[in-house]
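The first chain written gets the first letter, and so on, giving A, B and C; residue counts start at 1 in each chain.
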């Protein structure tokens, strides 16, 4: 560890925040769905990959930002439909059914991605240049900074939505107390579907942010999903704030740990596993979660 | 007792088929059938775990990897005869299952699924890192190979033994305790049953089955390779459990055959894309889950943990 | 024509029948109470109107059929304060009130806070940290935010001290007098309920056993003995 300079650490922290931003977004999507429908959406990553592929195809016909927003809209609409058609009938089903269905969906999206776009790794454009920028003598990648910025902006927008709008309040209410929400006139079913749509759109953004760095292929999200789960669990599965903090923290810690030769970058994945297991065993509510009796 | 008569009948049919098939079916089919057997064994263990103790695992591929690499290491480094390593593979994986099952007791439902998922995704990475033992990314290649008939015989003989073993365990006090647990953990505990022991035991036993299946997989693949044990494998095992929920052992057989043959035929019938088997399995899982929810009133085994009146015997 | 009318309504919880053909009517601008012991079907009656339980028979509100879903009920001007209050305990007082006005065009805090002035100081307090009585008041305030025509109150006195119960029903009385709010209140505390209402029904085992004006019920021997305690 001592062989590294301050510059090395600074770079790893920033790039850690960048990847952490992506984990945070995915973790946020997972938490939103878990809070509202009590389902751990194992398909979150694959849905993100699939929508990123859609963006990829769109970008052959239009420029980046229109394709970006159109993809988010498609992701939103698709997930709303998915929730109404596939998830709604099984909302009250036992755990095994929920796990199997979301896993089945994960396989379907993964398979569809490979089937439609092939198994090769595709190049995905980034709106940010890859030139480095120098701050205090340390070189940072504009792309990393751009990813951090987009992540933060999205999180901010979501926070504004949930805290300050009538819709956001209704979404929160539906997740917290669906029965009372119905008495107040909220169509809880559609709120939950909206939650899925929102989560899918967030996932799409996460996918589009990460694809330029990792290359776009149908297995892109597998490991990312694990890190997102680790972040969500670390932050507390019911806490959106926890998801964001957990994601950023996780990204930075993973990068710093990987600097340690014994671990190296190839063991990042088991470190993710270790975090999940440790948190679940020691403090299942994570850093920010509350003790809630759920139908887990 | 009727249950045993049904089992006896099934076993007899199985034995007959076992000896009959090699004469009816082409040689290469026997190899495919061996692969079906490999899935079957792992799915059987997972089925018992899920259906009898309600613990959902999407990580049994990891136990297959542990068993598989036990076989790989013993054959490659210590020059054991391949089939002799199978009991050891089962044992090592079983112990790993016990070790995992113990802390896993604290996790419920979705959290347990999440933990097993994490385990399954990370195991290939750990295998690749531990190069001295496992040969890293290239894996361990075997020098000897056998006839297809041999693979078929070994796999299905093992499967037969393991099915009978499962029946014995299920009929024993252990199995009865599991059924009591499934109907109500709280009630079982109040009867003085030490719940943790039985739940961990179930994990260990199912892991042992998976480990043995992993050993067979390695033998059939002529070597151990980390790419043989991706997360998809753990999910494919669930396909067997999902279908098995409808018809117990025959159901699991169908599930195992489905998993193997979709992988074989999709490239031939549809296209080469790796996505098609994956997509098909995903669709199968979703459809099976929906069908199960639809017939939930009739299928006790699917609805673990819900009160259903007196526990029935399974075949 | 009464604002609310139930005709021969039956209600089932799965295989169990909770209401065996209940008929009652509520005139606009009146307070009607439904009395009865535990399990008599009082709460189920309200649930039938709200649409959270499966029913057969006719339930008409303002001339139209109602009882399909709580969301529908809320949109047509029925406010239901359920058993256990249904407060959003994790949200603030202000957010609870805001949610009450979900179906309304504007959230008219001032009008409601006039009845519960102390709530304005507690705007940002988490609803779950309020006392039982305060939460019940909050639940009532929230129901009012929607400018309902019909208020359904399910056992408002449950778990509350007598003084708070009196305060609560005093407010209900004011609402009825000043805003012409029609109220259907289900209560185990027959005394308080009869004081606050003009008409009353007594349910026993899912059927209407006695009905009449509150005075008539007060003078009724069996009602006095079973429900009023003297």
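One rule holds in what follows: a residue touches a chain if its C-beta (ideal position, glycine included) is under 8 Å from a C-beta of that chain, and two chains touch if they have at least 3 such contacts.
Keep in mind the model is a prediction, meaning the values are calculated, not measured.
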| item | value |
| --- | --- |
| Graph class of chain-chain contacts, one of line, ring, star, complete, other | line |
| Central chain (distance from its CA mean to the mean of all protein CA atoms) | A |
| Centre distance in Å when chain A and chain C are each reduced to the mean of their C-alpha atoms | 44 |
| Whole-Å separation of chain centres (CA-atom averages), chain B against chain C | 56 |
| Centroid distance [mean C-alpha coordinates] between chain B and chain A, Å | 31 |
| In the complex with chain A, residue positions of chain C that touch it | 50, 52, 69-71, 74-75, 80, 82, 86-91, 95, 98-100, 102-103, 142, 146 |
| Parts of chain A lying in touch with chain B, wherever the complex brings them together | 40, 42, 86, 89-90, 93-101, 103-116, 118-119, 218, 222-223, 226, 229-230, 233, 264, 266-270, 272-273, 276-277, 280-281, 284, 296 |
| Interface residues, chain B side, partner chain A - complex | 50, 54, 56, 58, 103, 106-111, 113-115, 117-119, 121-122, 125-126, 128-129, 231-232, 235, 238, 242, 271, 273-286, 288-290, 292-293, 296, 302-306 |
| List of chain A residues in touch with chain C within their complex | 166, 169-170, 172-173, 176-177, 179-188 |
